[in-house]
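There are two complexes below, and they share subunit A, which is joined by subunit B in the first and by subunit C in the second.
Take a look at the complex of A and B:
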């Protein structure tokens, strides 16, 4: 209880500081919370950016496409690497080396190839989401107790049965965690892509507000985007909890 | 058993290496043929040979840009490790602080920092300062979070015993906590370097006038695909090399710790 009170107090202190500093400084650079609220109202009532819903929808669609592609490709790649030991031994380290490269390195090439529209954002979100899925599958396969597989086989279970009844339940825990990380990264990828160069979507609106020094609108747009990010993570955590309960 | 393991190891290692080399070779060959045969437009995806040639002609300019990016990254990295270690030690070891701040730290760690980048650029302008600042906040959080967790999980009895023998607070941190969390610090340092480089590159792409991120986005905007691919390869190779060196240091350190 005290912890919650201290947390709330800290939040209030930060907001108060922001308010005083924001009022004292250049309105183009700092926006106090009292100025953000009207901007947020104007934004949500579609006064400042009438095309907000279309842009939100576009960003959500890009995220959905990137995530779906990342899950499918990541699962396929992870199982291929996990089940074929020589390929896994050879390609696993190569994949890990690529994972050590900061992903934004690939973004200019993706933009050149896919253009400024949605495709380059989807490709970048896919790239970020793909690795956690693949790595989670590999880690999950390593976690499966080989005795369980042996016993199942000894009792006459076929490959498909072993996979569905033994392997998937045993690795579900790790797999679901990886899928959740992948969603968070796909979201980040799409937003980073939009901010770095786009004509539509939340990132484009943010850049527009920033470019015109409409700082209050910029902060309001950031808050809306954060709501998308947090919302997607809340959905993912609910799904994760459901999957874990089903597993037990 | 041991001897058969030893005997089977070299051929296995060699088969893995061979497969890796073959993969790269086949990929390059297929890519080269695909471009030459006209299946891929070289305007967007240049042939490996063209990329190699571009690497040769870029030469010094690319290396200068890479040097700028890496020196910004180095400053950001030193700052983020020092600040992250300090913050993680303090927040992790004081219970009230940890319980109050933990959700805030986790939120700041996981939220996309790109959203505050325009504001940072408004405040700090174009150039080196925003790159170092943004790189630092990118690298800071992984280090802080890992150190916080490690300090929290340090064996309580170690602390109690040190206290019972009259260790001062300074000694407690320096002689007990710090040595106990070395593996997490190293893990954080390994994560942190990639995050710092990422942050610096993003700022250079968004609001840069120099550095590899700027060079790459201007190649992309100018449709100079061979140069763009060569620059991408150069940055990737540099970051892989840095991570491999850190991994090597890590391995040495774990040998030394026993």
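Take a look at the complex of A and C:
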């Protein structure tokens, strides 16, 4: 309860400051919350952007595709690097070096390869989501206590049983954390991709409103995007809690 | 009275490990037989290969030459149907409750859920873990954790219990109490126990036979028979004399190991 009260207090202060500063500034650049509310209403009633649902749906589909690819490829790559000594030694450092490069530098070439439509956004979301999954698998494998593997083998466990009964439960916490981070980054990748160059999707709408200096609409679109991101993270945290319960 | 059947035969087993500083001979021509129902202790200086020998009996380590027969069949890999191992590190699965940890071996053996639950639950009493069924390993003391690990080994009801310094990480008092407890369990279940330890007290208090091993490369230096009844008083003249003899043998080897 106290936490909620403090949080609400902080929100009120921020909104108050925003209102004050917004009213005093150039209305083309800054809009107070009182101006955003009507814009948000128009947006949600599909008056300002009638094609909002189609764009939201497109963005969600891109996120889902990017995330699914990132999870599948990340798991496969992580287990290959973690279980195969040679592959791990040969490619592990390269992967870590690639991860250190700001991913956005790849985006122009992704647009060249995949075009301006959904594919390049999916590719970018994938690129951002892939690394956290791979690295979580690698970290998870390192976390498995080798003694527990010995114990399982002493009780007659073969490789598959060791994997299912020892490796997966021992890694689960780290793995689910990585999967959650990957979802957040896949969302970022897709939306950034849309903002940087796209005709459709939430990012494209944001870019459109911003480019036309329709600042109130722009802020309203950002709020809708925020709701999308928070929503996906809530889903991820529910899955994480479920996994933790299963883990115990 | 018929002589107890010979259950374990170690036949001129040798083992070398390849390390970065060259090969190290861990065991050299070790032979030993153990009969059913015995409590046989392996004692010797650090690095004498006692754990290696135990690992071979459990099928986790392979001999380089020689062979090991358990129940008249050669050991080719871990076989929980013949022997259950307890390690110095209890190695409990932190995501499993006490009960689920005890059930682990039964689960791998494909036993039905209701059956393994009832076997594990029945063990909690003798393990001194009644009321701890739903606790997780992190909530237990060191001695309790090791009792869970022993319960996991007892649950699969193999004839042989291989114990690799099971109380080595416990404090002295707990260790003595755990020894008394194990003695009770052993006399009730009539398992054949192979027990690796550094502790003279443990060896003399528990064993029907003690095999003293030499410093590396490990060989069997001598085998002592302990026909005394249980529970034993460590102050009895017999045990005091035996203790002196045992210490003499181990001291010699430990000094060699230190050089």
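In this section, the second predicted complex is superposed on the first by the 238 of 248 C-alpha atoms of A that agree within 3 Å, B and C clash if a C-alpha of one lies under 4 Å from a C-alpha of the other, contacts with A are read in each partner's own complex, and residues count from 1 in each chain.
To be clear about the criterion, a contact is a pair of C-beta atoms (placed from the backbone, for glycine too) under 8 Å apart; a residue touches a chain by one contact, two chains touch by 3 or more.
Nothing here was measured: the structure is a model prediction, and the numbers come from that model.
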Subunit B versus subunit C as contact partner of A:95, first or second or both or neither: neither
Partner contacting more residues of subunit A (subunit B vs subunit C): B
Which of subunit B and subunit C A:243 touches, first, second, both or neither: neither
Which of subunit B and subunit C A:116 touches, first, second, both or neither: neither
Which of subunit B and subunit C A:228 touches, first, second, both or neither: neither
Touching partner for A:154 - first (subunit B), second (subunit C), both, neither: second
A:188 touches, of subunit B and subunit C: first, second, both or neither? first
For the subunit A and subunit B complex, residues of the former touching the latter: 3, 6-7, 10, 28-29, 86-87, 89-91, 93-94, 97-98, 100-109, 111-113, 184, 187-188, 191-192, 195-197, 206-207, 210, 213, 215, 218-219, 222, 225-226, 229, 233
Contact set on subunit C toward subunit A in their complex: 58-60, 78-81, 84-85, 87, 89, 91, 93, 95, 104-105, 108-109, 136, 152, 156
Subunit A residues touching subunit C - in the complex, by the definition given at the top: 145, 147-148, 150-157, 161, 165-166, 169-170, 172, 247-248
For the subunit B and subunit A complex, residues of the former touching the latter: 12, 15-16, 19-20, 23, 44-45, 96, 99-100, 103-104, 110-112, 114-119, 121-123, 194-195, 197-198, 201-202, 205-206, 213, 216-217, 219-220, 223, 225, 228-229, 232, 235-236, 239-240, 243-244
